[in-house]
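Below: the structure, in structure tokens.
Going in written order, the chains are labelled A, B, C and D, and every chain counts its residues from 1.
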Amino acid sequence: MMITVEIVDKWMELFYLKVSEQKAYLSELDTPIGDGDHGNNMMRGMQGVKDSLDKLTKPDLKTTFKTIAMALISKVGGAAGPLYGTAFLEMAKKCDETQAPVELFSYALEGIKKRGGATVGDKTMIDVWAPVVDILEKSSLSVEQIREAANGTKDLVAKKGRASYLGERSVGHLDPGAVSSQYLFESFIEAGGIK
Amino acid sequence: MMITVEIVDKWMELFYLKVSEQKAYLSELDTPIGDGDHGNNMMRGMQGVKDSLDKLTKPDLKTTFKTIAMALISKVGGAAGPLYGTAFLEMAKKCDETQAPVELFSYALEGIKKRGGATVGDKTMIDVWAPVVDILEKSSLSVEQIREAANGTKDLVAKKGRASYLGERSVGHLDPGAVSSQYLFESFIEAGGIK
Amino acid sequence: MKKIINNPGDVVPEMIDGLVRAYPQYVKQIPETEAVVRSNKASMDGKVGIVSGGGSGHEPAHPGFVGKGMLSAAVAGQVFTSPTPDQIYEAIKAVNTGKGVFLVIKNYSGDVMNFDMASDMAELDDIPVKSIIVDDDIAVEDSLYTQGRRGVAGTILMHKIVGAAADQGASLEEIEKLAKEVLPHIGTIAVALSAATVPEVGKPGFELADDEIEYGVGIHSEPGYRREKIKTSHELVEELVSKIDSELHLDGSHKYAVLVNGMGATPLMEQYVFSHDLLNELAERKIEPAFMKVGNYMTSIDMAGISLTIFELVDDKWLDYLNYPVETIAW
Amino acid sequence: MKKIINNPGDVVPEMIDGLVRAYPQYVKQIPETEAVVRSNKASMDGKVGIVSGGGSGHEPAHPGFVGKGMLSAAVAGQVFTSPTPDQIYEAIKAVNTGKGVFLVIKNYSGDVMNFDMASDMAELDDIPVKSIIVDDDIAVEDSLYTQGRRGVAGTILMHKIVGAAADQGASLEEIEKLAKEVLPHIGTIAVALSAATVPEVGKPGFELADDEIEYGVGIHSEPGYRREKIKTSHELVEELVSKIDSELHLDGSHKYAVLVNGMGATPLMEQYVFSHDLLNELAERKIEPAFMKVGNYMTSIDMAGISLTIFELVDDKWLDYLNYPVETIAW
């Protein structure tokens, strides 16, 4: 399965809907170990993505990815903006070379790691992105696997982002960015991104 | 009955005790129609009076009145300080001429009126001082008469002082300065100031 | 009551001590008083002294406005209680350099009487003293037969005007004349979201429900003219401006200075949002302020709320006075 | 939540609008952004530009510190949310006069990443950009393997230092060197009496009982290191000073600057009482601050509390920089 403009459009549409539905929940997750704005941030970003994509007429894949990246970068702010933005920017850079999800997501993950300096196990969105890439390298990807990855952040001690100020006290809480990333990949599956 | 240094000493001692006992009540009266400090103000003042009088050795009446006045003026502040202070300053000025309570109180009352620009019926301490002088001009003075005067301020609309900002809404509340004046004259009777 | 204090009875002396020691370049304490005077003594030479003050709890007023170009001294009373005449008298003596002393008094019976007694004392020393009684709070009905209006945040503008004139060498008579001319052109009105808690009292001066506000409250939690459900900033602005309008008769062809004043617990965030709505409201009346300030200037301890002061600049010189440089902690 | 606002989502643009229109003599808005830049353009000519900013809710930080001698521009994000790179990039372009631009960033992952992306963009335009990441909050354990320490009120002192150096003609490299030298000598720690309420959230970031305080909270209601019953000002000072002491090793033979910073809802009355106790505590260690400021500089919306910043003045020039005159709304 190769990523196409149609899949990306559908993907963003579904992700937009999930973020709208879960906005309050994402902010709630961000309250005990963050500053309670992750839902608002993602909603602002996805509204921007929707508005920008709506303005495009027959864009190619690269333009689509770049448009998403720029909308996220210029609307989200906070930590999530540059991270999701960088992810899509990296995919824009590489999508002429390859349209394979696993390869694009892998470039995106490298971008996220570089941008934020975090690594696997730091209780961030990386703890969903990294397993997703790992799984895709070997086989297909299921909603259950994604959820399992996101839920796994509950037991971790935060090392990066606001939650890290809590140290050990961050254990027992889901990472909000991991959960929004879970929605992102669930939407990707629903959009038909995985064969 | 003429006022003597001994009577004034006793008078101030008793007034000090009454103010100590009723400090919270006086401030409470000052809350709905003022700023809730009348008890604290009077306590600060009477503490000052006590401390200053304790330092005097064999003072004459004039020195005693002046000492009380200066202590009140320099310790109370607010509206009550200059008013009570002026009252005792006027008595100091005139006590060489006369030691009759009615005459001294009458001079004090004129001082209060001049200092504050209020008159009878404005719901102030004057509504105790004026009846006290009136009564003494005709006969003796009883605790009941003093209390009646103070209670009478309940029905008045405040025209001067902080309570005046409330206008009609000041009706139904006792004037705190009238009540502290009630204590002042009650103490005077208890000190043996009235034959 | 949750406050960063020690003994509630020690708040005033401790606060004054903290202030003068934090800012020795601007102010020093007059020994054995709670009055502060300019550190820059030379700046007072040959000039009329300007003394103000009142009860504490309005910080940075009044000690924060002491310095070259503004007040010469400020006297701090107990919380919400006028200072005593002996302290005011000490301040008068400390700033008199032979040109006389001008007192800026807020219209409360306590303040008026205590400052009066202090000027009586100063006159016995042959120090010429004149004064203005500021009564800018238009929430209260004006009347000769009552206490009249309260002095509130507009007082700060009076300090600035007379302070600048004094620094420029105006005589005591000229300053009195100026103050009298300025006074009727200043109008202030407030809205409160919560009342102040006097440390020695320990509970708020009045209670407002979680969704209630009160228009027209004074800076000592004096009651206002109406209580209602919380409104948007835009609606609050409409109410307050219309009240001031009916008093000052706002006119697009005139010049105005504007002071948006936080009452103590209201953050600048809200004060700037309020300013945004205010400037829109004024623009609809073709008014663009010639001078504006936003911040905590005349507070009411930890009251939440805002007061709005509008000052018609009838004389262009008044604008120069407002812009005249000062050396103070808080202007 | 009782606040003087309109739509909670409009707080930031309305606040910035109110601010720039109230103070056109100091700042103007960069079109289509929530960034403000000096009105006095000439003051930036031939100088390194200084840009700071971050999430809103810390007013007067950061726009209140824009002006000759301090920041060249400030970028305001959503409440408690870092601004986006495009806005920061616009600010960089607006202040670059050919000498390059220096960024003062508070150490939050969002701020660091967004400012980083903005400097990447600027570098594509051949604008030289350098930066300092301020991490003065000693409440948090310092570690290379985590996010490290937060940037809080000490950031204001960094603004002042690099702003003065830039105004005096320092090069971008000199400013970077200066900022790096200064940074380890600034330590801040806070105590909270209540948490901030983000308008779009509508309830406080955490709950403290009526008699509880929390030491070490951050400026976005990040949790602190200990909760306990309310203490006297004197005891709070002891705790905070001893924490800073164990970090900066206070020494009577060194020079210090001190910033007592109100978090938004704590009145100056309490800040001055705290200062009184602080100055006594420092005097016991034979320290009399060479420079001190007390007031609301880096707030956390309507949080009640105080932060204490101590800055060791290792170089006498640093004191000159702190005293160097500026033209800003809020310094």
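By our rule, a residue touches a chain if its C-beta (ideal position, glycine included) is under 8 Å from a C-beta of that chain, and two chains touch if they have at least 3 such contacts.
Here the structure is a predicted model, which means the values were calculated and not measured.
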Can you check how far apart chain B and chain D are, centre to centre, with Cα atoms defining each centre and the answer in Å? 54
Chain A to chain D: how many Å between their CA centres? 31
Chain touch graph shape: choose line, ring, star, complete or other and state it. line
Interchain pairs in contact, sorted by label: A-D, B-C, C-D
Contacting residues of chain C [partner chain D, same complex]: 2-6, 11, 14-19, 21-23, 56-57, 59-60, 64, 191, 193-194, 210-211, 213, 230, 232-234, 236, 260, 264-279, 292-296, 299, 301-302, 304, 306, 330
The answer for chain B against chain C in the complex is residues 27, 31, 35-37, 40-41, 44, 73-83, 85-86, 115-116, 159-162, 164-167, 169
In the complex with chain B, residue positions of chain C that touch it: 55, 77-87, 108-110, 113-114, 116-117, 140-141, 145-147, 150, 198, 200-201, 205, 218, 220-223
